[in-house]
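Listed below are the structures to be examined.
Below are two complexes that have subunit A in common, paired first with subunit B and then with subunit C.
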Partner chain A sequence: MNKADYKKMIKKYTPKEDVLKNALMAFVSGGVVGVISTIIYVIFLRFEFDVTSATSYTLVILILLSSLLTGIGCFDKLVEKFKCGIIIPITGFAHSITSSAIDSKKDGMITGIGASTFKLAGSVLLYGIVSAFILAIIKVVFYG
Partner chain B sequence: MIYINAFILVGLISMIGQLILDNTKLTPGHITSLFVCAGAILSFFGIYEHLINFSKIGSSIPITSFGNLLYLAAYEGFKTKGIIGLFSNMLVTTSAGISSSVIFGFLVSIFFKSKD
Partner chain C sequence: MASMKFNKVYLDSSYSVVSKLEANGNIKNYDYVIDDYYFGLKTFEGAEIKMQRIVIDYLLTKNKNMDLIVGGDLSNQLAITSYMASKYDISYLGSYSACATFNSSIITLASLIEANKIKNGIAITSSHNKVAERQFRYPIEYGAPKAKRSTYTATGSCGVIVTKNNTNIKIESATIGKSIEMGIKDSMHMGAVMAPAAANTLSEHLNDLKRDISYYDLVLTGDLGIYGSKILKELLSKDYNIKLKNHIDAGSILYKKEQELYAGSSGPVSLPLVLFNKILKEKKYKKILVLATGSLHSQMFVNQHKPIPAICHAISLEVL
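So, the complex of A and B:
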């Protein structure tokens, strides 16, 4: 068997990741996260919080939930099932902080948890702040 | 209606992330960083405003809202305080998300053990 044949055979027997099914799953699960947060948001509005605080409370509750789920080890199973639907919302950011803190716990408080908490989430903060800064400068220079 | 709009918006943004993840070699880390930059850029061109009008809560749940809020806060800071406002106001509106992630992440890491 030559190389080309071998590659063909490998391709035939490698299970294809179903792109369409994954995308649909991400859409539905992301949507469900959106609906859950809307429910929390509406409850806070009912208690006469203003729009900004209700939004902040909703985010904080979602973050608390995903940190706890990460702590008890459920979050990775959920990610396997729901894919990007829970990575793209703020829950993914909280998960990345909590999971790197837990994983580095054995290295101690300072060199472990302290040093590694932002191992994954750091890139989000760094590129967010840098891009916001550059864009704000552009806006200021060109539009005043 | 507010529920359906939130469902559609968060679902669509997640689906775009999933499509990028499946069709390229980028990792979830790449995608979240990319989406934060995308949020700032959409905000710069005034497109994110339309998303906020479409669904107020739905637009603040995905990670893209981070970029949007960072950019808006930095620009707002410049308008009220000048150059130093760019630095001092940058994290004001995203503070709740960042602080609570760090605090809950720390507390959970104290009380729970790694599973593997």
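So, the complex of A and C:
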């Protein structure tokens, strides 16, 4: 059997992922994260915080919660259930940083935690900053 | 291909250490079950070394005169096995064939014993789910959804004494496999990566020793998983005209279905755990062909999107 035939053959024995079910779950769970953050945000506004600080504090609380859940070992089990709905928001970003930091704790302060904390989040930061930069240039060029 | 017969090589006592997850699986009565993945130590790597040392310590109480330890694990540079071996005043040879390491270790020892270079040796292997996850995939606590085709690295260590003294399990012959690459790049689908190697080694073994598949009461594969086993069967019947009937895949039966661990277990320890704690204890089979399969990928080549080569080494056991 040549390589092309083999690739065709194994397709038959490769289980299909439940893409639709997972996407639906992510849609719902992502929405729930959004609802929870809105509730927190509204509570902050009730306590007479201004819009900017209410947004920041809401994000801080989400980051705190997901890092805490990662630390006590629950978050990865939640991802199994709720899929990417809790990975795409800032909760997932905090989770990737905390899990990397925990993982490299024993490898030393510099060579471990220092070098590996942004192992997963690094790409999000780099490409986030690069795309922000490009968008900023487009804005300046076209809209002044 | 390199096939060889042995006349005076036997397997003596074995010892298995596993974690609770494996102990709750299909196979009962392991020798030692560890309570948690740290095993009382600060790191997972330390725990894996300790598991190996428990195995060696036990085997040395059975026979003190060991000439050589041959073994390996999944960690980079075989660090786990090498650190384990540093505790003993016994010659040590590291061996890496990924999940086929157990067979490569046994073949090395058997050849040396057959050639009268040594009398007794220990073959050992281990894997630790968390050590492998850290090295090959994501940080332990990182929740990346797993694909159904992926396998779960088993945690445990297993060792056996290979000796020239008569016992009731004889190593009758062996075949050293070729590194086979069929263009599969998906490191999650290790069954598909390894099945061609298993098929190739099985057919070469039968050709070299002029045997029919019916010669064996059982063909035991290592960790092809549920899907890999099906691929192997189709490959054998289409390409090699071999009908595989009496086949068990260690990776597919180590865990219970209810444990929901995807396509089954992987890791070099899966095969010896099933071989020594189920197949040989049941005493149902006389002639067993053990095909240990290994996916020879490294994280570097996976990142570079290179196709993954696989290996399969065979040993033929006779229960006397």
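Just so it is clear, the second predicted complex is superposed on the first by the 127 of 144 C-alpha atoms of A that agree within 3 Å, B and C clash if a C-alpha of one lies under 4 Å from a C-alpha of the other, contacts with A are read in each partner's own complex, and residues count from 1 in each chain.
Everything that follows uses one rule, which is that contacts are C-beta pairs under 8 Å (C-beta built on N, C-alpha and C of every residue); 3 or more make two chains touch, one makes a residue touch a chain.
Everything numeric in this text was worked out from a predicted model, so none of it was measured.
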Original post:
After lining up the shared chain so the two structures overlap, which partner does A:120 touch, if you call subunit B first and subunit C second: first, second, both or neither?
Top reply: both
Subject >> Partner chain in contact with A:44 - subunit B first, subunit C second, else both or neither >> reply: neither
**OP:** With the two complexes superposed on chain A, say which partner A:10 touches: subunit B (first), subunit C (second), both, or neither.
**Re:** second
Original post:
Touching A:77 in the superposition: subunit B (first), subunit C (second), both, neither?
Top reply: second
**OP:** Using the touch definition from the top, say if A:102 reaches subunit B (first), subunit C (second), both or neither.
**Re:** both
**OP:** Using the touch definition from the top, say if A:68 reaches subunit B (first), subunit C (second), both or neither.
**Re:** first
**OP:** Check whether subunit B or subunit C contacts more residues of subunit A in the superposed model.
**Re:** B
Original post:
A:87 contacts which: subunit B (first), subunit C (second), both, neither?
Top reply: both
**OP:** Pick out the shared contact residues on subunit A: the ones touching subunit B in one complex and subunit C in the other.
**Re:** 17, 22, 70-71, 73, 83-84, 87, 96, 98, 102-103, 106, 120
Subject >> Interfacial residue positions of subunit A with respect to subunit C in the complex >> reply: 1, 3-4, 6-7, 9-10, 13-17, 22, 70-71, 73, 75-80, 83-84, 87, 95-96, 98-100, 102-104, 106, 119-120
Subject >> List of subunit A residues in touch with subunit B within their complex >> reply: 17, 19, 22-35, 37-39, 41-42, 51, 55-56, 58-60, 62-64, 67-68, 70-73, 83-85, 87-90, 92-94, 96-98, 101-103, 105-106, 113, 117, 120-121, 123-129, 131-133, 135-140
Subject >> subunit B to subunit A touching residues, read off their complex >> reply: 2-3, 6-15, 17-19, 21-23, 28-29, 31-33, 35-37, 39-41, 43-44, 55-58, 60-63, 65-67, 70-71, 73-75, 78, 86, 90-91, 96-98, 100-102, 104-109, 111-115
Original post:
Given the complex with subunit A, which residues does subunit C contribute to the contact?
Top reply: 42-43, 134, 138-149, 182-184, 189, 191-192, 196, 227, 230-231, 234-235, 238-239, 263
